[in-house]
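Sending over a structure as structure tokens; questions will come in a sec.
We call the chains A, B, C and D, going by the order they appear; numbering starts again at 1 in every chain.
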Amino acid sequence: MVKVVILGQGYVASIFASGLEKIKAGKMEPYGVPLADELPIKIKDVEIVGSYDVDANKVGRSLYDVVKAYDPEAPESLKGITVRKGIHLRSLRNLPLEATGLEDEMTLKEAVEHLVNEWKELGAEVFINVCTTEAFVPFGSREELEKAIEEDNRDRLTATQVYAYAIAQYAKEVGGAAFVNAIPTLIANDPAFVELAKESNMAIFGDDGATGATPLTADVLSHLAQRNRYVLDIAQFNIGGNNDFLALTDKERNKSKEFTKSSVVKELLGYDAPHYIKPTGFLEPLGDKKFIAMHIEYVSFNGAHDELVITGRINDSPALAGLLVDLARLGKIAVEKKAFGAVYEVNAFYMKNPGPKEKGNIPRIIAHEKMRMWAGLEPRWL
Amino acid sequence: MVKVVILGQGYVASIFASGLEKIKAGKMEPYGVPLADELPIKIKDVEIVGSYDVDANKVGRSLYDVVKAYDPEAPESLKGITVRKGIHLRSLRNLPLEATGLEDEMTLKEAVEHLVNEWKELGAEVFINVCTTEAFVPFGSREELEKAIEEDNRDRLTATQVYAYAIAQYAKEVGGAAFVNAIPTLIANDPAFVELAKESNMAIFGDDGATGATPLTADVLSHLAQRNRYVLDIAQFNIGGNNDFLALTDKERNKSKEFTKSSVVKELLGYDAPHYIKPTGFLEPLGDKKFIAMHIEYVSFNGAHDELVITGRINDSPALAGLLVDLARLGKIAVEKKAFGAVYEVNAFYMKNPGPKEKGNIPRIIAHEKMRMWAGLEPRWL
Amino acid sequence: MVKVVILGQGYVASIFASGLEKIKAGKMEPYGVPLADELPIKIKDVEIVGSYDVDANKVGRSLYDVVKAYDPEAPESLKGITVRKGIHLRSLRNLPLEATGLEDEMTLKEAVEHLVNEWKELGAEVFINVCTTEAFVPFGSREELEKAIEEDNRDRLTATQVYAYAIAQYAKEVGGAAFVNAIPTLIANDPAFVELAKESNMAIFGDDGATGATPLTADVLSHLAQRNRYVLDIAQFNIGGNNDFLALTDKERNKSKEFTKSSVVKELLGYDAPHYIKPTGFLEPLGDKKFIAMHIEYVSFNGAHDELVITGRINDSPALAGLLVDLARLGKIAVEKKAFGAVYEVNAFYMKNPGPKEKGNIPRIIAHEKMRMWAGLEPRWL
Amino acid sequence: MVKVVILGQGYVASIFASGLEKIKAGKMEPYGVPLADELPIKIKDVEIVGSYDVDANKVGRSLYDVVKAYDPEAPESLKGITVRKGIHLRSLRNLPLEATGLEDEMTLKEAVEHLVNEWKELGAEVFINVCTTEAFVPFGSREELEKAIEEDNRDRLTATQVYAYAIAQYAKEVGGAAFVNAIPTLIANDPAFVELAKESNMAIFGDDGATGATPLTADVLSHLAQRNRYVLDIAQFNIGGNNDFLALTDKERNKSKEFTKSSVVKELLGYDAPHYIKPTGFLEPLGDKKFIAMHIEYVSFNGAHDELVITGRINDSPALAGLLVDLARLGKIAVEKKAFGAVYEVNAFYMKNPGPKEKGNIPRIIAHEKMRMWAGLEPRWL
């Protein structure tokens, strides 16, 4: 059994909940879940025990109700859970949503305690963070982080940072927990949190779930690098119509994404080929099915110039939701293995910006094999 | 030093010769050569010592003259070599070219002897086969092959099969040689030749150089397989304007290509996703820069359907020519290592249909790392 | 009121029937119907009174049952009509279907009489031919056509040719009828039929409904021509998974399509730019939603080379079905106007190969305006 | 003879000058020039008599020298002309260029007089404005415009506005002149300038030359509109590496472009389909050959959803330069015809935002035919 708590009951979390229950009920194949039924912990062992949000329209409603807005075929088995109130800290700023958070009535420190107590009741083991993309400043020193909490410094902290801190407290008390940070806020790549995690029995998977055009770009660039083709330029656009794309029209949030998306170029090619890679725009009718377009130009043998164009329509939320079914189970395995801190072997495959900070991107196809070995599975092709 | 003999002085071979000389003269970067200057044998150590063709317009002319028709900037250092007469055996059938071959004046057996003698004079070490795509029937039993040669059975044999046989004779006599079969005719995947090779000190790299859309498809499919996305269908078109595309308008030659291109699907996905993958057409003004288009549809988590489209303009001949610069050097290494027969570690990366027969495709990104290790290099990411 | 008889109750005809009834019931917008509610004859005035097929699995079943296999939301209003038996004449050759036809029990001449009698009972006004693509040889002389019917020459005639002949007989007797030939068989472009039509009060719309990549190519090429850009080459692929694509894997049927698709190039550019334009392949999981890919390369000012690539996923049958809703109404208008023979003004917009033979393609955007004026409507932009 | 003065000797103007001279010398076909040799005024009659810039690196140098930086094959016939100093007014703000302008030493009014005098000497007939894209505020009332000049209001005016004012003065004095405004600043669409033009014998062609993805989008949307397909959304990206794309990274300049690019949607479809159409980014290695990508989704008959994706590599400057060869000649024709003010018949084909203000976009394919008739030519297809 893996007891999962969700932070941010939006599109991704709702497709996660819906798809998970359908697979458990034998009504759907586990497509999009990389390790499917290969792990010793099976998909049917994953159980959502709690869910948090700060959208006033969601807090207090049943998980079933919330999920149904994203997937009309939401399974009724989601009826038992009620969405709880989290910490907002500007998370919904500039969005057409009304925010409600624990910190409206108490200090951050008290909110942390409040959450830790709730989690103890729930018996939570793995926390999955899929809140709205944040504009943030990483810590770096643990002292600074602890001081910010202590001083209730609401301008310095983001919700994800407070959640990560709270989960560390919780993990320390109960002997272990895993934090899956599927959003760009640096946690697995922030030495302050990694240090804290190691001392607190917290495994960190992060940062920013690797879905969509970025990991595909990684493998295509690896493909070119292995043939010693010299990449002249890379342009990558993506546009979508879900709330996450809407949030990214906010310039500061957008920067968080641009950073993780771009690092891949230098790390895989070995040189910083000129590139334009950033979330591009919001176009409501596209909904969750984003449109991506990518152009790569390179030099081949004898000075020849080649060009590749990749376009696609990709369902955004299912791509991450499928990974979360693995990450929940790997989170429990990490705790069992006492692999505390940032778990690079897992992150290198599942995360856009794999922590810890000092480690970078490798080809996804290789990262996958290494991740399998970390998880105790045979590699498929190595 | 690696002494190379070319079989089929067409587009690929000419770009190979031209680019090689430019790199050796320090006038061009070794882009498109996967192992560039990493191998102990350097690019400047590769020397073309002989070249064979059967086009009456090429035989007897200087290599420089022939190469210049493909690359106006052909280096003058190619002036010393004269294109020799090979064996044709229907190679140019249905093409607007006049064929001339040794077998016009002697039996195949005599032609084999003639070639072996020429090669001894040249001190050849590695043979690179880039003749026109053939319609062929593999052997399978060595007896049948030897019988066909013995009986001068010109209908049963293709030029490539006779060349491979001749090289085996040569390798046996001189103690070792490598045959790089960059075309679809099954040699590395024909047990008859593999058996012969092992007894004759011949290393075989083959079959069909892995360039263009096929290896990219392989890595994209691996990418999808690793995420357990269920591929619904794959359509892949490519069209070009060089002589090789013209040759492929011949239905029987085309089948040779279709086979190697399609096998990749089942071998990487684990199931035979419906696909349409074959060379599609000839369109003269495209020249050597082919147009490729590929459509892949798959199921992601929670039943979502995604689509990818890849299009590109890719210079056909440089892509293979760059690989040949490695294969020439790896051929010598194989002989030095006494790695006779079909060398799977090399073939899995460089060949569309990697021999021996009993071995299939693996993701190219992984094959690259294994090939590096076989060649005595550090893997880059493993 | 427009009384319509369908010939070939397959995908196109079924989507036509289904969509038509939904629009009439106010349940669907008339998207995809070019003239929507602009014509004096409204969509609700169109009534399907008969349907013919030769697939043993369809003949005798209710239209509702047949349509439901193509559109699960088929309206119940289709329950009243039973699919009747047509003439097959090799129409289903090489397809995995069992054929049944009137000619199994009588001569072609008798079958023609039989049909004419049925149509009189039905009060048919417009006939829509959407049978399976045929391999055919046009007539040219009316005598030859009449002789073939007279002599029951089943090898010379295709079903479409016999239907067209029968409709001419019918039109002559009842004073007027229209034949919409939405398939490639030359009727509007066969002088034999045009002559016959003029004498028999038959209006012909044909040949081959203009949907998909071809009319779009026409407008894109017109766009380039108007800027005096010099087109170097055009490659166009399309692949689909419906029965029509399956039928086109038959080489001879395929040729019928290639012809109509290619003529557009010379007629719009003024020179025959090298091109590869033909139906490419069958890939079952694509279903009715075909994948198209097109590459166009041209010279712009000062010798610059530009490239355009168009790809798309396009629902094949609805594209034609929507046009048929207009063509049914325009057929009646043509009869009212006594516009007998091949009606170029209509054909130039709605047909890939607009008859009569001596007239060619013009830009679709202009053809549309002229068609409007022919139909008594104001042009939109002229 | 048409005597042309260029304002802004950048990429477009240099390709214009180079291509024009090559065609005049019989060394190049007039591809990309829509009316080629159809007009009574021939291409060889066009003569560049003056050129203005404000880049300190260009002013005072020979036209040949400047053009050569853009086209290594610049013809020597450009050697006779020296680039003169224009008016800058923030034109180069935020660009890595040093600006020099007449207004550095005199008032705007004096600069206008200075220019008018130079033009009289040159005998200028047509003025082509291809300065850097400006951030601007249109006038609207002629009084306000005249007041700004009078008061030397440098913050209110852009260079283009001052040039247009000066040309009006000049036209009034010499009896006629044409102003081709190929950039987004509203002139043909600013009632203040149109009124001034009518009183001053000035013909205005503008605004913003119609090249690249926008006019193609216009024709593709017209194509869809004519089939009554309901467009759900349109996304269009374009990225390039020339100085114009660099200038557009400036947010305010970018807005000028976004406006003209977007208006096309509502004007052609009849409803404002959700769209994202704006210049997207700067990527230096792309140079003048931009990459465009466009996605269009629409509803076809019976509720079917189709998708089109258009990508391309398009040389930016030649596309506009070719149009200028026509516009120079049409400018002279307009003056001869006394067609003063904004000439809609010309603008509807050649301009993204065809003036006057009260007139909008029509399908380009139709606009072309109307433009031909205005110019005294036979339409090709009407």
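Methods note: a residue touches a chain if its C-beta (ideal position, glycine included) is under 8 Å from a C-beta of that chain, and two chains touch if they have at least 3 such contacts.
Here is each chain with its UniProt name: A, B, C, D = Myo-inositol-1-phosphate synthase.
The structure presented is a predicted model; accordingly, all values stated were derived computationally and were not measured.
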Applying the touch definition from the top, give me the chains sitting in contact with each of chain B and chain C.
none
Compare the CA centroid of chain C with every other chain's and tell me the farthest one.
A
Using mean CA coordinates as chain centres, what's the gap between chain C and chain D in Å?
44
Taking each chain's centre as the mean of its CA atoms, how far is chain A from chain C in angstrom?
51
List, in ascending order, every residue of chain D touching at least 2 other chains.
307, 309, 311, 313
What are all the chain pairs that meet the touch criterion?
A-B, A-D, B-C, C-D
Enumerate the contact residues on chain D facing chain C in the complex.
15, 18-19, 22, 28-36, 71, 215-216, 219-220, 222-223, 226-230, 289, 299-315, 318-319, 321-323, 325, 362-366, 368-369, 381-382
Chain C contact footprint on chain B (complex, rising order):
232-233, 235, 237, 239, 241, 274-276, 280-286, 291, 293, 295, 297, 307, 309, 311, 313
